[in-house]
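Notes follow the structure.
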Amino acid sequence: MATIGLLVVLPLVAAAALFFIRKDSVRTPVVIGSAALIMLACVWLAIGHLTGTMEFYPLKSDIITYATLLIDVVLGIYVFVKGIKHGVPFASVLAGIQTVIVVVFELTVAHGVSIDNDIYIDSLSVMMAMIIGFVGTGICIYALGYMRVFQEQHKDQEDRRHIFFSIFFLFLSAMFALVFSNNLAWLFCAWEVTTVCSFVLIGYTRTEEAIQNSFRQIVMNMLGGLAFAIALVYLGSAGILELDKLINLGAVGLAAFPIALLAFAGLTKAAQIPFQSWLLGAMVAPTPTSALLHSSTMVKAGVFLLAKLSPAFGWNFNGMMVMLIGGLTFLICAFVAISQSNAKRVLAYSTVSNLGLICACAGVGTPEAMWAAIFLLLFHAVAKSLLFLCVGTAEHHIGSRDIEAMDNIFVRLPTIARFMALGMLCMFIAPFGMLVSKWATIVSIADTGNIVLMLILAFGSAATFMFWAKWLGKVLAVSQNSPDLEKGVYKSEWFAIGFMAFLVLFCSVAFPFISEYVVVPYLAQFEHFIFPGLLPAWQTISATLGFDNLLIMAILVLAILLTFGAFFGRSKKRLVNVYMAGVGVDPEKRSYRNSLSGVSESSQRNWYLEDWFGEKALLPMSNIIGIVVLVVGIALAFINLGGGALL
Amino acid sequence: MGSFMLTKMSFRNLFKKPVTKMYPVEPPVYTSRSKGHVVNDIKECILCGICEKRCPTGAIVVDKPAETWTINPFACIQCMFCVRACPKSCLTMEHGYTPPSTSMYTHTDTKPELTAEEQAEKLAREKEKAERLAAAKAAKQAQAGEADNGKE
Amino acid sequence: MSSTIKSPWIIHYDASSCNGCDIEVLACLTPQYDVERFGIINTGNPKHADILLVTGSVNERNINVVQQIYEQMLEPKVVIACGICATTGGIFKECYNTLGGIDKAIPVDVYAPGCAVRPEAIIDAVVIGLGILEQKRTALEQGKLVSEKSADCVTAADKIVDGQTVRAAALKITKG
Amino acid sequence: MGKKTIIPFGPQHPVLPEPVHVDLVVEDEKVIEAIPQIGFIHRGLEKLVQKKDFMQFVAVTERICGICAFGHSMGYSETIEILMGLEIPKRAQYLRVIWHELSRIHSHLLWLGLLADGFGYENLFMQCWRLRENVLGIFEKTTGGRVIFSACNVGGVTQDIEDGDLKGIVAILDGMRSEYEELLKTFLYDSSVKNRLSGIGYLSKQDAESLCLAGPFARASGLVEDCRLDGYGGYGDLAAFEPVLSEDGDGHARCEVRAREVYQSMDIIAEMVSKIPDTPISLPVKGMPGAGTAAVHHVEQPRGESFYYAKGNGTKFLSRFRIRTPTSHNIGGMTKILQGCDLADVALNILTIDPCISCTER
Amino acid sequence: MTVLSFVIALVGFGLVAPIVGCLLAGLDRKITARLQGRVGPPILQPYYDVRKLLAKDNVSVNHFQDFYVAMSLFMAILAGVLFFAGGNFLLVVFIITLSTLFLIVAAYSSRSPFAEIGAEREIIQVMSYEPLVILMTIAYFLAVRSFDVSAVLTLSQPIIISLPLVFVAFLFVLTIKLRKSPFDLSYSHHAHQELVKGITTEMSGRTLAMVEVTHWYENVLFMSWVGLFLVWGSWIGVLVAIIVALAIYFLEILIDNNFARVKWQAMLKWSWLVTLVFCTVNIVVLMIVS
């Protein structure tokens, strides 16, 4: 309990301190020190609670409640003012409405509701805390070096790194608060803080594009926030303001409407179709921001909420809505990712796609599906952050974030390229985590016999294979000697990247154990209210997935690591030149005698299949479908499921 | 439109004996006109050198003093110009190509040494020829003499 | 007898042939002659090929190409000059842009004459080439190879050159 | 996306029977630029007229190209015959037509095979070449050579075909018909073949006209373009001659035109055999091509019009000999159809014009 | 799957599969030749080829390619072993995909324009067949109620009875997996394609030999997938499976010899369409019936 407090307060203090620190020499130790402390606190928390059952803490602190109200109001005013200033009145309107609702709600309805438990701990939230604590802080450390280079390369911009780091830690604090709040009002407050933090971070560079995209983000997430606020009012008037109670109600169907609204909020935050564009727009921000948003904060808050709500889904309209939106997003964004050549955009689409899968799993709501969702969340966090950090560093050293520019990066940035490849492997191929999680998804879907999801999964996986494999190929292409550009990479960057790589491998190897000792016990507590007749969680997973299979995967990971360590690049073969149809000139450059008797360089560009899978080809239609599904889903929840009964 | 349109032929092939000529297990089959390599019946050859002049690739070299007729089979293009040009018809285009080899070589025919009989015959022929020539010369002179006489 | 001579993969390059020899090389692959009987595949890729069949003579333009293809082939390898143009330059040897036979560019192991070279001659040439290939393989195993045609290859191969031994060697391969 | 895929296509490339080089710029698999280059087979044989006398030179012209070998020796001989005012005997004219049309059959079958190989239909390639061996067999039987057979020279032909053998040729060709029918159907109607050929490399009739295309390439775009219509040599005695045309202008049309021309050639041969008169097969050539005389001539080769120019100077050496070959006409069309095609169709598009690099570069 | 069955499968598949695969490949070439009216090579030709390749000079374009190819071979063997040990079918599918990925990466690593385009096409091929393979495993689960391969042996009838359309769709993509015309886009054994030798352009000698052997293992594995549809809890099932698998293999050879190579667009479109229609119909019917 105290650790939780510590986890929320520590980063807050760091944020406050960093706001006033403008010197690198002071900032570095502060960041590293707070990061270390946060990590320690996480470890401490894990030792106590990782495998335990759910615990609740009645805090009953009015001070915190008023503080949250205050924060909500401040945030509302901030966004309101920004919206006016930058000519986006819509954002101001949303912020205004939301603030008014919340203030009225807190001062009237909420006051009358008694809250039993404000804070809870279960293994899922501990796991989330670990992700935030390790991955999030790792990214903060990475940002030290990265932002120094960034500032050097953008001399024209005012040095606002103190704000940057301050917001980073604030973000972490909010995330910690978010994963442990049982009090929905508190949760809402943390929710809004993350929205505004990412708003600030996306707009960090203050370029026109950045500001425009930050507003797209805030508008879309304010929509979600509004839904959240309405849900709060609705629930408050029914006397329920606790997450666990809400979830327990879920299956009964009375809370269908507020849960639909919360799911909507989760979907916006998780950047699901039709809201995917805000996350794509967020790519204009410096890479640590993207890494943070994608791996451990923001979008993870969205899927975390959905995963929490998951037991309340299932074969009801809400579950259907979440599942369809998630499935659609998974499929479409995986396809669209094929057509992207900007590395960060590929990562973004892949994130959206993966989040879609998590949402779909959450929507299915069976124990295996939840199991899959949780692991997808975990592996996505570690692998994606690794990838973002690698891309960021690569960008600084090769001067482009285009995949095509990464040609021959294997020789130019040897270590980065290898780590990048590791991250990619983890994203889409057995025996690494993401795929094993996807495996569980397949199992759960096969179990429920949901043909639509089956098809989505089958085709989406194929698309996933394509966009990763071609990028991977580009990264692993070898020429015999090119300059090594890795010299200038900062230690902090190396540390963060190495740390993420370690996490990726650790999770992959420890997979079976995480499953057995952390996730399965978590799921076991829900067995009583989902699908009566199905086996309890642990047994279904062992029957269909099998602990031994997980073990095989883990052993395979180890075996691959060992063989790579032992043999990779150790071939003794004599090197020869590449085949150039008989007219090769310089094998290093792949040049050849061309048709004008000059010398041309041969090159290879990946396939993007723009006509088939381009944004223009796929997104408009899917956005429309997404909107229709959302509208119909929420409307059904409102009309059908007897919203009145609860009131 | 349709698919598998070649299948009938494929099945026919499958159950028929393959058309493959089993060279080199079976020797090659030549037609009566098959062109292979040029052979000189050197006994008949008079080393006139016409073939050398007509050969477009310079594959033939005739060395009159040494009494040799040489062909470079790695330069001959089997055009048969030489065969058609030979006044003695001693060149023939034989079946069977020059076998491939690890090095290029030439083939030389030398006019064979004559046997005693042939020698005698040749001598006799030459003698007769000389006589004939002498006679002709004499006759010509005689004629000329007559003509001179006539003029006078 | 090693597998090397049971699986000679070829690559064909048309240096400056008139097509006459080219189509005969191709004809070798087709049903009537079917050199796949001997395990021959037309790979079209120097890195996979054991035997380089060159047709036509070399000129200023293609001499580098011929050399590059040859260099990109892995040892053990054999070059067969197919046709009169490839052996001596043939009727074109006096042309201003013709440098002469293939041996002007790369070491040639077997010369197959004929204008156009007959499929049977190509088969014979390959059979001779196989003997050389086998010797080169042994040399390679013993670490004695060799990108140039080594002297003992020539003499040893010469021994099996006359028609009879060629036939005998070929029979052994096709039956064995 | 700054970067483009740039591939050196050829000169050594398994899909190209002859060395051509194309700088291909490709996006995904779409060709956005193709710059061809030739020159790998240039020998400079036209200059050989100064070293080989005009009678010998027929052996050189025959080796301009090993596929239309006979056609080139015939074209050359006829040019010289025009130059020297020779009227060769009818039997020789007819025999030339027979060999020439046989060459066309062998050339088209060869091409059909290569095309099949180009779209990855190995079996079809094998079957085309299997049938083609029949024609090569006829060549060997009548002349002794399989591909280059020195049957033509200035003044006539070098060897006769007995009447019995002529009947035999017709019989062999008739025997081929039923099997060829199966191949033809496969080429024209098999869905997988159509899938590859239909619609690729389209050229309209206007394009064909403005690009001066020749031969089947032009005829496939609906252009009536066939030198045989001029009735030179034995062609003048044909009862009727209608070029095979198609209006579609795509790869499939080119395939169809050539495939159907095989029947046409078979018919021409049969007609020639039935009409062939019993005259000598050559006439003695006396004298030299006169000084200052020049002649032009054209011949319809399997790939289209081949154009000859010869100029005499009173000696046995010509002072000039020039050829313009069908591929020189057609290469403009090829570059045009390569733009925007798929990488997988590059080889096919190159093949459908049936390029003759050997004769083009000489 | 027990450790014992794993060990037995390891020895059995590890040793027998290459022999069977080699013979299948040899048979393929022989029958192909006969269909074309040729004599064709000896049945053991693939074996000679590999022996020959092993004797070639030891060179490469970089120090990584042969490692990737070795990994590809290793994964193919592992997939087969897991399959024959009666392990989890999905696991087998994933591992064989991993094997393909290593091959793709090996091709990329060469930085040869032809190999790289081959790799891109291979990716497209994976993309074409992957949906079906995943749906097939799901259909298998629906029919057997287990992902374990060994579970078919407990059935009273072969699963083809409940999954006929899935089987047909599988045959469709089998052509891609066996790298047969019309779908031999990324590389084929015969040259004359626009990519020289596609993926294997830069592989030579031992590396190429490994690719060939991988292909043998893969072929045996894929043919046993065919067999999987036909076995049930009786030894006759195994017999039937072998006969049908051989018949299917012949069918594939026939298809190989009767089709022009298609372009990737057509491949993707057709295989997805077939997958979508056949699998959906079959699975829906299956779910309604059961």
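Letters A, B, C, D and E mark the chains in the order given here, with residues in each chain numbered from 1 onward.
To be clear about the criterion, a residue touches a chain if its C-beta (ideal position, glycine included) is under 8 Å from a C-beta of that chain, and two chains touch if they have at least 3 such contacts.
Everything numeric in this text was worked out from a predicted model, so none of it was measured.
**Student:** Using the touch definition up top, find the fewest steps from chain C to chain E.
**Tutor:** The least step count works out to 1.
**Student:** Mind listing the chains that sit against chain A and also against chain C?
**Tutor:** D, E
**Student:** If you average the Cα atoms of each chain, whose average lands nearest the overall Cα average?
**Tutor:** E
**Student:** Specify the chain pair with the maximum number of C-beta contact pairs.
**Tutor:** A-E
**Student:** Taking each chain's centre as the mean of its CA atoms, which one is most distant from chain C?
**Tutor:** A
**Student:** Please identify which chain has its centre, taken as the mean of its CA atoms, farthest from the centre of chain B.
**Tutor:** The chain lying farthest from chain B is A.
**Student:** Cα centroid separation between chain D and chain E, in whole Å?
**Tutor:** The computed centroid separation for chain D versus chain E comes out at 43 Å.
**Student:** Taking each chain's centre as the mean position of its Cα atoms, how many Å separate chain A from chain E?
**Tutor:** 36
**Student:** Need the CA-centroid distance for the pair chain B / chain C, whole Å please.
**Tutor:** So the centroids are 29 Å from each other.
**Student:** Using mean CA coordinates as chain centres, what's the gap between chain A and chain B in Å?
**Tutor:** Using C-alpha averages as centres, the distance is 89 Å.
**Student:** Taking each residue of chain B in turn, which ones touch at least two of the other chains?
**Tutor:** 3, 5-6, 10, 18-20, 22, 56, 77-79
**Student:** Which chain A residues reach two or more other chains?
**Tutor:** In chain A, residues 576-577, 579-584, 602-604, 607 touch at least two other chains, as defined above.
**Student:** If I count partner chains per residue in chain E, which residues reach a count of at least 2?
**Tutor:** 33, 35-40, 57, 59, 113-114, 117, 190-192, 196, 201-202, 257-259
**Student:** Please list, in label order, each pair of chains that touches.
**Tutor:** A-C, A-D, A-E, B-C, B-D, B-E, C-D, C-E, D-E
**Student:** Enumerate the contact residues on chain D facing chain E in the complex.
**Tutor:** Touch residues, chain D against chain E: 5-8, 13-15, 29, 116-124, 126-127, 130, 190, 192-193, 195-196, 342-347.
**Student:** Tell me, which parts of chain A touch chain C in their complex?
**Tutor:** For chain A paired with chain C, touching residues are 576-577, 579-580, 582-584, 593.
**Student:** Please give the residue numbers of chain E that touch chain C in the complex, ascending.
**Tutor:** Where chain E meets chain C, its residues are 29, 33, 36-42, 45, 47-52, 55-57, 59, 189-192, 196-197, 200-205, 208.
**Student:** For the complex, give me every residue of chain C touching chain A.
**Tutor:** On the chain C side, the touching residues are 13, 45-47, 64-66, 68-69, 72.
**Student:** What residues on chain E touch chain B, complex-wise?
**Tutor:** Touch list, chain E to chain B: 31, 33-40, 254, 257-259.
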